[in-house]
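The following blocks contain the structures, represented as structure tokens.
Both of the next two complexes hold subunit A, though its partner changes from subunit B to subunit C.
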Partner chain A sequence: MTLSLRSLRSLRDPILVAIGLVTLWQVLHQIAGDSAVTAPAPTLAHLWEMVGQARFLPHLRETGLAFLQALAISCIGGVLVGVVLGGHRLTGEVAEPILVGLYSVPKITLYPVILLLFGLGMPAKVAFGALHGIIPVVLFTMNAVRNVNRTYLRAGRAMRLTPAQTAWHILVPATLPEIFSGLRIGFSLTLLGTMLGELFASQRGLGFLLMTAIDLHDVKTILAIAVLISAFAVLANAALLAIDRRLHRGATPEAEKT
Partner chain B sequence: MISKATIIRTVVLVGAVAALEVACRTGAIQPALVIAPSAMVKALAETLQSDDFGGHVQQTLSAVAIAMTLAIVGGFAIGFVLHWIPFLRRAFNPFLAAYYAIPHFAFYPLLIVIFGLGPAPLIVLATLFAMVAMIVATMAGLDRVPRVLLKTARIHRLSLMQEIWRIRLPAAAPHILSGLKLAVAYSFIGVIAGEFILSTSGIGHEIAYAYDNFDNPRMYALILFVLGIVTTFNMLVWTWERRLARRRGMAS
Partner chain C sequence: MATRLASVPVAETYKVHARLDGVTRIYPPRAGHGEVHALGPLSLDLRAGEFLSVVGPSGCGKSTLLDVLAGLAVPSAGTVEFEGKRVLGEVPDGVGVVFQEDASFPWLSVEDNVAFGLRRAGMDAAETRRRVDFAVGFMGLKDFRRAYPSQLSGGMRQRVCIARTLVLQPRLILLDEPFGALDQQTRLLMGDELLRLWRETGATVLLITHALDEANLLSDRIGVMAARPGRFIDIVGTGWPRDRDSRLAERPDFGAVTARLWSYLRGESLKALQGSSPPLGGEAR
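Now for the complex of A and B:
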């Protein structure tokens, strides 16, 4: 009983927000008119129609592929580098300010350099997406590894665990919640980076469709694609956030309050 | 005192720049890809003297300044209000949690359609991008005010204003500051990325323009300029934060 009530309540807020946003959209449409903001219903119908078209699919695939590759590099590379930096204190101290500095720099300015290095097309997009996503993953992983409770490691040594056992039974469970938070942020930023990469000097993909729509002043298509990307991002983020919360609840019971 | 890590970091960075210089000078890296760091600095000096440069810099920096101010002030006010009104906060929470998952630049064309070409859509975009970090940080800071401090306030019979001014805000300051830091960085990112993609002026546009014209020296000069300015700004905020933190550490 309480469980179903709780799940109902957890669903209520997002639904309210969604209703609020659609209302806001409609109001904006009333104020600004069709040439600036098309109404929600026709836009969504247009999106539905667009997704059904055969020529839309290659663009979606292009963006999806670029995003998945960039995500794989961000996650795997980020965790590996993070473990190294977290495990070796001095290396971590040397690298951390550089990474933080790189994180807060507008990376779009580096995009031309990446285009020169990787050429136009898929590799540049992947590299740019990964460049966005990898830094938070590294930073979170590094902190997670650094903050592993020394007592656990000492307990492991007392029980004469092999290195593999230590890794599996102590390090992984102790660092997983924090690393997952990093992966969640890395996910969002990789998506942002991939999309940004497609908006500039691109011949295929959702970003390219967006730019074409801008040139044609096709507001309906602009909005439809923006909604599609946002919906994907928000839903994926919600799923990751749910896993994130569960992991954190398991790790530290008091974390639930914060 | 300079720590060992700082020394190693400096050595690593200087070494990387030197290696790049050598690689470019010897021709291991083509000048069509990356130009030598010394050439970048030289190009930067030339670019700084060119006539149209000042206008672009002024435009970009004033857009960043406006967006930053709006984001920090507005974000703080909204975060404060949401903290005091739990109902509103519950309604907005899922939205705030998902906010940075949305690629905002997808909405940039829309802002152009609404606000026209020019600085307005850029400022709106950067403000929206930066403000939520400030909102979240303000709420997080106010949430984490230790209860014992609030009890102390009650014992001293502080009025509500006094309690907010003397207890809540100082206690929340570290979180609010880290939000401020993010807001500064995000304002820069928002404005320059916007200029880069869709604008007819500003530093971001100049970089894209130089890229399109294969004008590598100018492009690298401008990139260096942007990175330099942003890093300097971030360092300033960081130093300020450190000083506050140290004062707090000594006072308590």
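Now for the complex of A and C:
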């Protein structure tokens, strides 16, 4: 693969950040010693070894499945609810303060209730992940639908569009950038919720491995899993952010007048 | 060139192109204010092929008049006709509207914006391309075909909106203060382009504006509106030649028309300014 000068330059900053973080990690290791922070090189080697083992895969699969299901509920459910709330003024005005309140509640306090409702295992993790992710998606979608520039809709009527054409060719592209921002935040929070759900009373998954490693004081494994999850979160978020920026590029500075 | 723009020579087909007859528009009471009588009763015969401007103090119902005529708003009483057929709650085929606010779609390039209405109407690709090419050239947007609205100035974006209306070959073009947000020099040039468009399409044009000079320069007739409820005080004929442009302002009799418009409007504008009735806010009579 050949890299152009421009793509090399755009890669420079993330690479510098990565080098900085690894250096910091090494320094922390020097200060704290192996009992708290293992050194980068052996930890990464351990991660590589772990990922290669057959007994690791079911755990990765469990977490991945829980996350994907929670993400699907957050995205699809969030957009559907958001469209309804944004389209119906009264319902939206009633629901918004409730949602904002729920958004600020530390949802971990509700986890015992979730466990009682869904039982131990996959359903509880999925529910907890979706509980975290769905609210920002609903809020962003609702605002996107509410704030659609009325002039676009009037222009659609003046060009004799059918309601279906107005929905597909005006409403969807006009709301997409905002909705995507909501999906991006929903993605991060769904991951957070799913991981949190795995830390307590689970029998499988990366969160379970993490808790087992804490019980065994296996620092190398703790850090290896943390690195794996962080790398996934950072890379996925960077990709989503790049799409987000592309979508927002076309927005006019004074979209709303009068 | 004219044949490529005009679909029907409207002046030969109709005498009265559109008609407002006893039209009123009353907004129902809402929280904070009572019923608002915004317009009329008002009647107007729009002659086929003419350029008619409507001037009046702010909040006098000019935009409501345009909405009713376009079919974007339903009159509370009275009838609206276009080409002999009643207008009822939707924009008739053959009517094009350009708004005061920027209505260009930021997610589409200039050429996709211009082609938007044609594609939704199911026009075939070759004809769409031909019309878009022409409208883009006519409005001076050739170098910006692939640009996005956010990369253009306000005047350029308004050209995109005019081109988007133009490709649909409207026989009646309604413009609601389209140059309101532009600087004076740009307004004059856009006015010249509007006159050229009007001449070459043979369409009927109704322009809402608050600029008296602009109305004078562009129009065959100028409807002067009084405030609240909006109605015509007078309709002033200018008698300017069809082949005119912004250099008309040099003529000695040009100032006389503007002065006449102002003599009508001075009292009305003062009334509006003194806030006896803030626009669509205070108590209705």
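Definition applied: the second predicted complex is superposed on the first by the 242 of 258 C-alpha atoms of A that agree within 3 Å, B and C clash if a C-alpha of one lies under 4 Å from a C-alpha of the other, contacts with A are read in each partner's own complex, and residues count from 1 in each chain.
Convention: contacts are C-beta pairs under 8 Å (C-beta built on N, C-alpha and C of every residue); 3 or more make two chains touch, one makes a residue touch a chain.
Keep in mind it's a predicted model, so treat the numbers as computed, not measured.
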TODO: Based on the superposed arrangement, let me know which partner A:Met122 touches: subunit B (first), subunit C (second), both, or neither?
DONE: neither
Task: Which partner reaches more residues of subunit A (counting touched residues only), subunit B or subunit C - done: B
TODO: Could you look at A:Ala238 and tell me whether it touches subunit B, subunit C, both or neither (first, second, both, neither)?
DONE: first
Open item on the list: Is A:Val148 touching anything from subunit B or subunit C once the two structures are fitted on A? First, second, both or neither.
Closed with: neither
Open item on the list: Once chain A of both complexes is superposed, is A:Pro173 in touch with subunit B (first), subunit C (second), both, or neither?
Closed with: second
TODO: Once the structures are superposed on A, label A:Ile214 by its partner contacts, choosing first (subunit B), second (subunit C), both or neither.
DONE: first
TODO: Please indicate which partner A:Leu44 is in contact with in the superposed arrangement: first for subunit B, second for subunit C, both, or neither.
DONE: neither
Task: First, second, both or neither for A:Leu65, with subunit B first and subunit C second - done: neither
- [ ] Check subunit A for residues that touch subunit B in one structure and subunit C in the other, and list them.
- [x] 258
Task: subunit A - residues contacting subunit B, complex - done: 13-14, 16-17, 20-21, 32, 35-37, 90, 93-95, 97-98, 101, 103-113, 115-117, 185, 187-188, 191-192, 195-196, 199-201, 210, 213-214, 217, 219, 222-223, 225-226, 229-230, 233-234, 236-238, 241, 258
Task: Touch list for subunit C against partner subunit A, complex - done: 70, 72, 90-91, 93, 95-97, 99, 101-108, 116-117, 120-121, 148-150, 157, 161, 164-165, 168
Task: Sites on subunit A touched by subunit C in the complex - done: 149, 151-152, 154-155, 157-161, 165, 169-170, 173-174, 176, 249-255, 257-258
TODO: Note which residues of subunit B are touching subunit A in the complex, please.
DONE: 3-5, 8-9, 12-13, 32-34, 90-95, 97-98, 100-107, 109-110, 112-114, 143-144, 181-182, 184-185, 188-189, 192-193, 196-198, 204, 207-208, 210-211, 216, 219-220, 222-223, 226-227, 230-231, 234
